[in-house]
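Dropping a structure here in structure tokens format, bear with me for questions.
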Amino acid sequence: MKVLYFAWVRERVGKAEEVIEPPASVTTVGELMQWLAGRGEEYALAFAKPVIRAAIDHIHVKPDAPIAGAREIAFFPPMTGG
Amino acid sequence: MKVLYFAWVRERVGKAEEVIEPPASVTTVGELMQWLAGRGEEYALAFAKPVIRAAIDHIHVKPDAPIAGAREIAFFPPMTGG
Amino acid sequence: MSPAPIPITIRLQQADFDVAAEIAALARGRADVGAVVTFSGICRGGEGGEAITALTLEHYPGMAEAEIRRHVDEAVARWPLTGVTVIHRHGRLVPGDNIVLVVTASAHRQAAFLGAEFLMDYLKANAPFWKREERPQGAATWVEAHHRDDAALTRWKDS
Amino acid sequence: MSPAPIPITIRLQQADFDVAAEIAALARGRADVGAVVTFSGICRGGEGGEAITALTLEHYPGMAEAEIRRHVDEAVARWPLTGVTVIHRHGRLVPGDNIVLVVTASAHRQAAFLGAEFLMDYLKANAPFWKREERPQGAATWVEAHHRDDAALTRWKDS
């Protein structure tokens, strides 16, 4: 499963993307964020704030969205475009 | 007192402007329109429709507006600009 | 402290206008403009299936400028605009020709949008312009005012 | 009968855009376009008294286009638009530079205004772009999202 990070989430994690293999017990976006947060200090820092947004395959999703079948999951701060 | 006509009011009256001297009994815009309508067939035709709007010295006014002190009174159909 | 005067341009002209130049006039060299809205009104080639070959715009010189200026001043009083430009053409126009341009600038988008909509609604209903349409057959006819244009104004009334 | 497809252009680019050319692309040669609204978002030189020397826009390629396209399709479904163009720049910009352009065309003004406002409100809150500001002193900081931008969306919700 490919994971992308943007803006200060990317800066804190220290990379723009990576391929991860979470355990089968991780089934939702929210659980994936918790799992990522436990992967090290930089991840804990990146995922400490509850404001982080997620998208699965280019669609905004909420933390309770299932990750089964996702090709690409992205994490990022609230958007500030326009 | 200078009077101006625009659009189909101008076309029906047959002139764009003229100087008039209504009698002292004509004190409002509505009375002036009635007086003008009595000046001939072309005026009667021009002022037959109740939709005609008026302006005194470049300000929109209603039929009950007094004409005393007016330098320039204009009559025209509802506006269709923009 | 009363606010600093802002650039206001009102032009009635037969010539066409240049939207990009008018945007630049309100935004170039300014660090406080974050949003510019433009409205271009364009002569259409028909209405309700009936073809129009040309449009002639008559206006009341003097009053037209004064009436537009009053509404620009009201827009500036209502919203934090940093600049306003209104250009209204008169004379004979053909389908595809520009008729009217409103440009509003502000720090943020909401004021720019509201200012432009307010001005267009008032231009349509209150500015002393009259349109006469030419059709492929028959004489030219004066356009009748739309009730929806008067209705649009109720949005801007106080209270 | 489903409506004919209308011209829709969505571009994410580092280069600047030309507002006049984008208006012409939606209006030139068409007799059914009576109203064109443009919104230009411009990089300001400061916010709340604090100077900004530059802005860097990061975006999520692929999703940004898809998210904008979804909202353009929704605008086209909601209002009788005859064309829509959205251009969003990315990379490093300085005060005075253009950031974003929305152009909407329609027969009448109301659809054009509503479509442009709707798209800007959604771009601000939903399009995956992030702004980082550089200041005269100190490190660059990521711009925080405004609650007012989420609040602006409530206007467009059904019911």
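In this document, chain identifiers A, B, C and D correspond to the written order of the chains, with residue numbering beginning at 1 in each.
By definition in this document, a residue touches a chain if its C-beta (ideal position, glycine included) is under 8 Å from a C-beta of that chain, and two chains touch if they have at least 3 such contacts.
What you are looking at is a predicted structure, and each value in this text was computed from that prediction instead of being measured.
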With centres defined as the mean C-alpha position, give me the chain B-chain D separation in Å. 48
In whole angstrom, the CA-centroid distance of chain A from chain B equals 72
Distance from the mean Cα position of chain D to that of chain A, given in whole angstrom: 26
Residues of chain C touching 2+ other chains? 41, 109, 120, 124
For chain B, what residues touch not just one other chain but two or more? 82
Select the category (line, ring, star, complete, other) that matches the graph of chains linked by touching. line
Chain pairs satisfying touch are A-D, B-C, C-D
Interface residues, chain D side, partner chain C - complex: 18-20, 23, 27-46, 95-96, 107, 109-110, 112-113, 116-117, 120, 124, 152
Over in the complex, which chain C residues touch chain B? Could you list them? 41, 57-60, 62-64, 66-67, 88, 99-100, 120, 123-132, 142-145, 149
Touching chain C in the complex: which residues of chain B? 4, 6-8, 10, 55, 58-60, 74, 76-82
